Amino acid sequence: MNYKKLFSEIAAELESLDDKGKVASYIPELGNVDPNKFGIHLTTVDNKNYSLGDSNEKFSIQSIAKVLSLALAFKLDDEKLWDRVGVEPSGTAFNSLVQLEYEKGIPRNPFINSGALVICDILVSRLENPKQDFIEFIRNISGNPNIDYCLKISESEKRTGFRNAALVNFMKAYGNIKNNVDIVLDFYFNLCSIEMSCKELAQAFLFLASNGVHPATHAEVVSVSKSKRINAIMQLCGFYDEAGEFSFKVGLPGKSGVGGGIIAIHPGKYSIAVWSPKLNKKGNSYKGMKVLEFLTSRTQSSIF
Amino acid sequence: MNYKKLFSEIAAELESLDDKGKVASYIPELGNVDPNKFGIHLTTVDNKNYSLGDSNEKFSIQSIAKVLSLALAFKLDDEKLWDRVGVEPSGTAFNSLVQLEYEKGIPRNPFINSGALVICDILVSRLENPKQDFIEFIRNISGNPNIDYCLKISESEKRTGFRNAALVNFMKAYGNIKNNVDIVLDFYFNLCSIEMSCKELAQAFLFLASNGVHPATHAEVVSVSKSKRINAIMQLCGFYDEAGEFSFKVGLPGKSGVGGGIIAIHPGKYSIAVWSPKLNKKGNSYKGMKVLEFLTSRTQSSIF
Amino acid sequence: MNYKKLFSEIAAELESLDDKGKVASYIPELGNVDPNKFGIHLTTVDNKNYSLGDSNEKFSIQSIAKVLSLALAFKLDDEKLWDRVGVEPSGTAFNSLVQLEYEKGIPRNPFINSGALVICDILVSRLENPKQDFIEFIRNISGNPNIDYCLKISESEKRTGFRNAALVNFMKAYGNIKNNVDIVLDFYFNLCSIEMSCKELAQAFLFLASNGVHPATHAEVVSVSKSKRINAIMQLCGFYDEAGEFSFKVGLPGKSGVGGGIIAIHPGKYSIAVWSPKLNKKGNSYKGMKVLEFLTSRTQSSIF
Amino acid sequence: MNYKKLFSEIAAELESLDDKGKVASYIPELGNVDPNKFGIHLTTVDNKNYSLGDSNEKFSIQSIAKVLSLALAFKLDDEKLWDRVGVEPSGTAFNSLVQLEYEKGIPRNPFINSGALVICDILVSRLENPKQDFIEFIRNISGNPNIDYCLKISESEKRTGFRNAALVNFMKAYGNIKNNVDIVLDFYFNLCSIEMSCKELAQAFLFLASNGVHPATHAEVVSVSKSKRINAIMQLCGFYDEAGEFSFKVGLPGKSGVGGGIIAIHPGKYSIAVWSPKLNKKGNSYKGMKVLEFLTSRTQSSIF
């Protein structure tokens, strides 16, 4: 595949795109980002790299981090993880409590906020120094010591995160949170504050394009089966109540974050990260989704 | 891939399987089927065929037919189809009315009953002789004139199908059914009564494994893009509230029917049909799901 | 109580009222009514009568009839009625299906549409000639042979009543409708088409103000206990999701209809009927509620 | 009315009652109460007193206190209170979050937990020393300085009250809690820990039976209109999803607590408190409801 040519076509295509999205503004740190930032980075499993725009600039990866926390918890907790969180699409918004009440505190999947909080609870139980150990895990799989939490963002989330506090207390009431709620919330808000560039994201996620093994280091991050299952969950649940739309139009497993980032995986081929801060009404990057739709339509190369 | 060897492994594996499923019994015609029937048929895109057990015996394909009605309606109605039905997983049981009320008569996707009824309404509007034209479409794509409705089953469904009558009236109240409700219901009950064998199913669905073109006849059933999108919808919505489980464990786009059949597609490789009448609690074939999980696990060849 | 003086105060008060309601228009027969019609009639248990405006003009009583169908079914079926319908406020709109799905086809109360349909089903089972026998019951309790169904309205409701068709089919699927759905719907649409004047309504309902006995004829319509219980259900469920508002502001058991009528009962004192066709957003007569609020506030005489 | 005779009939009746209830056990302080405790106290508006059993023994009044916090907040905040909490029955369990999500953080009524928390938030804003001022209010209206919070119970509730923490955080996310969530929760847990005897309860609530004025002191606790409205809300919402059942069988405005207490009001006649710790499945005193049903049935004196 001639990705170089494809990227210049994308660049041309974008000039005429009327971006109708809006930057997330529920905390000032996200609201103050330059709305016109735009980057893409694609890394193939044989380690070729293609990029466009602001692909080396760090941004708040937000919920994209939930794939990595799931990967680590799945590795540590194995199949018994699924006693506490499902693998089904939620059919509702990312922070809904309704489903949680009908299903007695068991979140539908690990990517909605409630499910990600359960994963945090598992990591808090399993890791000696949760925050330190988790960031080390990311640095390891990306071969990049230069990745960190953003204290300013995690503090800001904490000040406004009443809905997440509601979720964690609600699940604690059902017995599905084992640790102190404030510790779990603190870990969660840190998780979502991690900052990475498109390039760093594409490289950190490459193991999911190559059956769980990082192609550069040949280290197994997760087993083949786990790698496939994480991709399956991304496919079904990575875009909240727009998961179908993303599958329908893009046709790759992927995960978005409210900072405007999207990671997508073509198993056996590549991982790609896109960043554009303006979000559509469902909270996913407006331009990011368009770029990925263009990419897989033009190359007729979705997984379907 | 050595499918022949794989099929004998599956046969061996099944001997020790404790099938906990139960045959559907809401109508006598389904309840009377021999619960121990079991068949598999796999057809590759280069037209090699592998089978096991009762793979030539016809059974009631039930909801599997909804993929074919979608294919025809999508072909005829193009993208404006999606004004009247979504592409998102429902997050609820196949015949729930709850979501329909919150979303003002627009079904979540074309595979839950409400969505399939909207598709039927579109075909009733578009086709001159709906029942005759639709069965001809199936005969054409499968190259098999020997496929038909089962009057006994459609009549039986009609006598007990009050919940489907509720759904179609409810959507009519929202203006999302254009034709007479009884005509739409009659078409729907016929659709679900079609009888096919595993072999016939695998061959009829082969176009979805080869970008919309039937490999034998080279006829385009649907466009490349539509073929991929139908697969994407199957992946996300083909197993109702067990879609995640199926993706997680099997990792192929697929669709089940309450008669115990499952069709699954490996794009670029093959289509496979499995039949075993005993259903799990979610209404999907218990043994059928196990077989497909075994198949993709053993070969490490899911799409993810 | 000097009702005469009170009625002239009400008349004065109404001159400055800005009526923000809208006439129901889902069927032309209701939409064509003169929006400025207005009538009140109050009958005391010692048979004094007070009226204002168009109190002798017949109008479509619609859901007000559901109190009378309940009274007759309760009389005939006794306490076992409550196996098939609850006595709890619905907390949702009058025609919601959501609650019905969660509660497996048992309607919350006999005044929401689903509950009224179950009552109709009971009367269809119990009465020899349901439509004839029911209208005779009303003629009897009101001592007025001049009360009848309006065929034009019932036919019009039937043509557009898809939501009610959905409800009755849905409950049939749960086994909570025993008769043919079309016969139950026909009875229901007739029930809602009855035409009465404010005077006729106040007199027909007087038994509920006097412990179940009609004061004029001394005939027991229902027992003391049943009379109290019907009032209790009206208090909690008579105004759908505005029941609390009506209790809060008016403080009497009452029942509204989409034709703009309201009946209210002061046990031991009087029954009162008000008619003004313009409805508030919840589907209850805007001016009618104001009049009753004025009445009980001015006299400080609610049941609370 | 010969209440003395009535009370001995009640005593006789109770001997044959098979009490199927279960004592609340979610905190040890409630679980350890003697399940056979039983008391009644009735106070008439002309200050006659009738009692039976353990009517002078203090118990945890729990949610009954929510009527008194509403009375004080309504007095202080007047009609603008209703911008932040509704007056409609919830149609769901007392601690449901579902309705709160659909209605954007506005609780249905002041007696479900979420609504009571909003009332607490208002009192925290309005009162200088919330806990001290509130208990003084109760001491005043009951003419009894001997009423207090129970620290052991409030501490125990705090340790297990994750669901209430979820509710208050959830409403804070919608902007419907103005104060710090921990302060509001602390006030709430104290409120529910108040201990009173049947006699003290009946006397403290007597103002609601006499148009807002305490008959002994002639002091206006709340206005006539407010008194009637509080009764109306009790009638519709005092028993959570059993409000209809209580209205239907007892026919008086009332409020229950999970400690096994019930207060009921016959406007113009009396207030009555009953205590029996064993609860039915809906969380209301099993025997307490039976006693009140017997009382109003025997005397044929419900408000309906």
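We call the chains A, B, C and D, going by the order they appear; numbering starts again at 1 in every chain.
In this text, a contact is a pair of C-beta atoms (placed from the backbone, for glycine too) under 8 Å apart; a residue touches a chain by one contact, two chains touch by 3 or more.
Remember, predicted model here, so these are calculated numbers, not experimental data.
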Quiz item: Measuring between mean CA coordinates, which chain is farthest from chain B?
Solution: D
Quiz item: How many Å are there between the centre of chain B and the centre of chain C, using C-alpha atoms for each centre?
Solution: 47
Self-check item: chain A-chain B separation of Cα centroids, rounded to whole Å
Solution: 32
Practice problem: Report, in whole Å, the distance between the mean C-alpha point of chain B and the mean C-alpha point of chain D. | Solution: 55
Quiz item: Could you say which residues in chain A touch two or more other chains, in rising order?
Solution: none
Exercise. If two chains touch, include that pair; go through all of them.
Key: A-B, A-D, B-C, C-D
Quiz item: Tell me, which parts of chain A touch chain D in their complex?
Solution: 96-98, 100-102, 162-163, 165-167, 169-170, 172-173, 181
Quiz item: Any idea which chain C residues touch chain D in the complex?
Solution: 86-92, 99, 108-109, 211, 224-225, 227-229, 231-233, 235-237, 241-245, 247-249, 251, 253, 267, 297, 300, 302-304
